[in-house]
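In what follows, structures are represented as structure tokens.
Next come two complexes, and both contain chain A; in the first it sits with chain B, in the second with chain C.
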Partner chain A sequence: MSGDDWPTPMPRPGDDDDAGAEASVFAVFAPPETEIHGAPAGAGDPGPEPEADEPAATATPRDADDPVETGALGAQPAAAGLSVRNGPPVTPTANPPVGGVVDAGGADRGVRHRRRISPLRWASAALLGVWLVAMPLTSSVTELRQNTQIIVMVLAVLGVNVATGYGGMISLGHGVFVAVGAFAAAYAVDDLALPWAVSILAGAAFAGLVGALVGLPALRIKGIHLALVTLGLAIVFQPLAKRVPAFSGGVSGRAVGAELVPPSWFGTTRWAEGLYRYLICLAVVGLAMWVTYNVINSRPGRAMRAVRDNDTAAAVHGVNLVASRVNTFAVSASLAGLAGALGIILVPFTSQESFPFQESLVLYATAVLGGLGSLWGSVLGVAIREVFSRIGELLGGVSGLGPLGEFLRLLDEEQFVFGMLLVALTFVFPRGLIGLFNRRRGLPVSPSSQDRT
Partner chain B sequence: MDVVLLLQRIFDALFNSAIYSSLALALVIIFRSTGLLNFAQGEMATFSAYIAFVLLAGAAPGVKGGGLAAWIGAPLVTPVAIGLAVIIGIGAGAATERVLIRPLRNAPELAMVNVTIGILLALNSLMGQWWGTGPRIFPPFFPSSPGDHIDIAGARIRYSTIGAWLVLLALLLLLALLLRYTRAGLAFRAVSIDPVSAALNGIRVGPTLMYGWALAAGLGAIAANMSANSVLLEPTMMVRVLVYAFAAATLGGLDSPKGALVGGVVVGLSQTLIPAYVPFIGFELSVLPALVAMVVVLIVRPAGLFGTQRIERV
Partner chain C sequence: MTDMMLKVENLHARYGAVEVLRGLDFEVPDGNVVVMLGANGAGKTTTLRALCNMCTTSGTIEMEGDDISRSKTADIVRRGVAHVPQGRGTFPELSVMDNLKIGAYTRKDKEVSADVDRWFEIFPRLEERRDQLAGSLSGGEQQMLAVARALMCRPRLLLLDEPSLGLAPLIIEDLFERFAQLNKETGLTMLLVEQNANLALDMADYGYVIESGEIALHGPAEQLKNDPAVQEAYLGA
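Right after this comes the complex of A and B.
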């Protein structure tokens, strides 16, 4: 292993936009002493800007999500967040800024808030808001349904993000949890004749349970080996699902008999029906994101990130590794399951056919592309996926260009595009596209970098 | 229990064993030298098999690249085409290391996962787009008409099985000779043990790793070309095989070539025998026991049967 003596891969926020030498393009390699945004950043320098400090020995500070909160909670080294509970921070001596983080957190919040909100971010927030309102008003019934499916997909991607970005457990098999959520919800609403609300929750809960089971091996299996196991899970899922037809509908799939219909005052047209489902899905997605945000910024969430960055240090600081890992996987799987459950509201049919292993990999790619370790990164990932698929459709339709046309047709293949993007991204935007919005946002592709030191 | 039937199943399984061992060996070579798993190993191998297919098929409608065969004059004979495809596969493996892997030498393993998964997705989709997702008929590597077998105690062992094992053992011998008696082999062993010390001793680590990737790609390509006839050539042909190979490599110890060989035999046998005697696990689900075995090994004994114990420094 080269990790032992090469310069330690040190995630460092801030300079992914730097052009020039290869080393600076891949920000992860840069030495930790480099200055970031002009703030003093050396170890032993308890500067006023805690997140500019990159304590080498402990966790890597990185933003959780929202600009307002990140400064106070997310950007602290996770171990520091934990040490608050134990009175004076018990941290390695190489890491004096940690104390400063805890003290300065509150005072810093406002300052950072003002500085952070960039026009780009306002613009994209406005764009998203406008789209969410204008889209249903201008769409046909089919388009509305497709767009709702896209919104629901955010949850599945977020699930990958929670496991990989926040929990540091590479999951290449989240399509499985989406499918399990869909099957369980279908089973609940049809076979058990439960109301929709209960069924959807049941779908998410069941997927969470399965996720917890999958998370159990993750207690011992880490890093690349876990990636291997989850990939195996994604591959084995289709034949396995065919074997339990009572649950999954077997080879032919499962049609959902129950329908979610709006109350009569809402309207009875197909468009009103679609709008009703859109609103419900949007509400559930928003709610789930809000809950996830809070989980991530609560004690379990900080524990999650501490375990990701250095599990030994986290355990020393009192984190229960077993509980934390199982929790993380359960939360991430139930998010994916929720996406699956919402999916059957929109299309009353589900089948293992829709979840080949490639689907899981594309979900993973979407999460990485948007930005790991960032809630909005997942939203961005899904948005980008949609943009690329539209571009691909457009270009793929062009004919009569010979070899160039062949290439353009390839761009219509989501898998191909995402495979290439995943490779390119690792070189160009190691912290995902969210890094474009906020230089400190997003996890550089290194949740397990600390394992290698 | 029918002994002859059991023997027959074992003989049949041995062919798969050889394939899994080869691919597992490819994975082990890369893991040993770089500590990363090449998730794209299977797709790279399949791609090479498609190249052989194109060289063999000639310019047929619906076969992209068949014009190449037309340009040469005629479709090539099987051994030549497969040989060329393997050489191209080796070159592609070396190029992958040089272009995509080497710049990320110090990157965390997530970067490596991303790159290899990206290659997997892109290649898989590319092959589906160019050559169709349906299965293609691939000519046999070894004589495999119905009469080509030897009878042992009433069971038949096919020439293709014997051939696959001969190829595998020859490759192993070649590999051992390469590693033991050539300068590049010595450099490779040194880099596998400790890249920094190797570099300090004047070994060029990058090219040496490229050599490892080339070897691995070659092994994978040979495995794919040998098995393309029996499993039918399709873009996802090696996906399941990759799981078996990973299970084999894990079982034997991810950094042990001997382990890859033994693991391949065990996994190959279990893949045929378990579905035969456990009704729930039909042919399609036979990948499940491999996955379970992999998980169990990783939990109970991460080093596998022959691998080195990893000691984590805290």
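Right after this comes the complex of A and C.
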């Protein structure tokens, strides 16, 4: 077997280098007998169905007992094998025209797999873009700050999403990492007098470290039990933070002395200050999302998702489950920590009081609401929660409608709206709101890894 | 020694307090297909897990003369042991492409995508569905994917854990034909765990029967096939 231009699964000692052996390996998969299951190689070729195979085939899982399929499984390898034997196997498209089947497949592969962006996606992206530009221009200083805080919260929700949606580990304690990120960044910028950029990164990194430690239980337990353990940590956090005033400011919290002010050319008004912070936060959130996207699609990210889907199968392919789970938790916690660190730019005060364990539950609920296992799902979750709570506020402000008015006033309560949102949307979009955008990938949701061991 | 791919002596394995394997001895000669038969709970799956160091074991496991019983799973994979886990074990929410890439997880070379293209030629169904989530494939396609994924690490020993489970008879036959030919043409060594004794013994060179964690019977496949005890227990004769 000369060279490695085809997958020799077993480079065995003593194999000789003749081309005959090369061809015969492909012949293996093109035995004449396989044709008995279906039509002869040429006719049985399922090639000419590339169009039909787009969305329809995706949505409906094929029936294993379908005899047509048996034919296809058996017959097409014959065609592929034949075409390969006609020339040196370099790339599928380099085959002579005899292998028409393979050529056709290769030629339109690019076209077939290019995703068309749906109008709904266009509209949502445009809406988000317009809002990001128009919001600061039309907001008061306070509104601008509040909206920036909401944008920053996307990172915390994304953190939950990485652990639960991509890593398959339910975390009901991510509020802890937000708090740790905030405290660490405050400590760095005030007590250590580090520059803002360094302090924010330090906050994220420290939260990541704490996350790796907290992630250790995840090595032994899964599913609902891990959920309980993380919830326990979230509950323990507040009394614990009160006892370390040097770090957390104790019971009363800590004020942040350092202030992030724009350069003088940017403007000196409070609104310009707010805009400056908004832009910085927006840039960091965008950058963090981009980095997360790349991590998830990298080799360790693929391993992370494989562990989520089936840890046994991931392990037999050499994925180190311990390392993968700890890494996942660290990445996820540092995203939450980054959110906390950015928070102290916006409000120069942080306290354990802002992080009751309920906050962690809200983060988890928001991640699920938007859609686990999707970056945009986290954005969507935060957005929908906010939009509905503001609609509720508007409706709740209407007066003089008698009993209906009494009900509408209920909508003024953020908690009521968010709770109802959870109740309603879980029925309609079990995979989260992102399911609205990803219809074609419809599969049952499996946020936690299957317990197979 | 050189013609023995795997030599296992006195293999014990336990899950907590439960001892599942109680001193197994078996061998897998290079280039052979060896089948392991046994009822549910006999310890077949555990044997394969033990070989990959995925449970607590004692005893020696030699691969080509080297003891691998203490090696990490990743190192065992690097040595060329590929495992197709029971129930196919595809990653349902990963694309077909990502599934294959996990198969090459331990590889650092640059030929991974070339190998993907090769296996796509051999399993064209998978190429058509390369961007689809593996969970949306049919049972037969998923088994193809699991096998292709295992082959992505360029193995020399393929461990197959009940590949026939939950598949239609025609698909199973097609699958076993491919295994047999893969072995015949490339000399890929296989250790096959099965309940479908008929097909397995047809393909295998040698067979072992496990009962409650011990080898109850072993011999050349032909001989086992004609053994009255095996016929009664596994072949329904």
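Descriptive notes on the structure:
Rule of thumb we're sticking to: the second predicted complex is superposed on the first by the 296 of 453 C-alpha atoms of A that agree within 3 Å, B and C clash if a C-alpha of one lies under 4 Å from a C-alpha of the other, contacts with A are read in each partner's own complex, and residues count from 1 in each chain.
One rule holds in what follows: contacts are C-beta pairs under 8 Å (C-beta built on N, C-alpha and C of every residue); 3 or more make two chains touch, one makes a residue touch a chain.
Not measured: the values here are computed from a predicted model.
Of the two partner chains placed by superposition, only chain C is touched by A:Asn320; chain B is not. By the touch criterion stated above, A:Thr312 is placed in contact with chain B and with chain C alike. Once chain A of one complex is fitted onto chain A of the other, the partner contacts of A:Gly181 are absent, as it touches neither chain B nor chain C.
Legend: residue contacts after superposition of the two complexes on their common chain; A:Gly203 is shown touching neither chain B nor chain C. Legend: residue contacts after superposition of the two complexes on their common chain; A:Gly159 is shown touching neither chain B nor chain C.
The intersection of chain A residues touching chain B with those touching chain C, taken from the two complexes, comprises 4-7, 9, 26, 28-29, 312, 446.
Remark: chain C residues 30, 52, 54, 72-74, 76-78, 80, 83, 85, 89-94, 98, 101-103, 105-106, 111, 114-115, 117-125, 127-128, 130-133, 135-141, 144, 149-156, 166-168, 170-171, 174, 177-178, 181-182, 184-189 touch chain A in the complex.
Put simply, chain A touches chain C in their complex at residues 4-12, 24-29, 31, 33-34, 37, 46, 50, 53, 58-59, 61-67, 69-70, 72-74, 76-77, 79-81, 84, 89, 91-92, 101-102, 105, 109, 113, 299, 302-303, 305-306, 308-310, 312-320, 373, 441, 443, 446.
Residues 34-37, 39, 100, 103-115, 117-126, 128-129, 195-196, 239-240, 243, 246-247, 250, 280, 282, 284-285, 287-288, 290-291, 294-295, 298-299, 302, 312, 314 of chain B are the ones that touch chain A when the two sit in their complex. Residues 1-7, 9, 22, 26, 28-29, 164, 170, 172, 217, 220-221, 223-225, 227-229, 231-233, 235-236, 239-240, 242-243, 312, 357-358, 361-362, 364-365, 368, 409-410, 413-416, 418-423, 425-427, 430, 445-449, 451-452 of chain A touch chain B in their complex.
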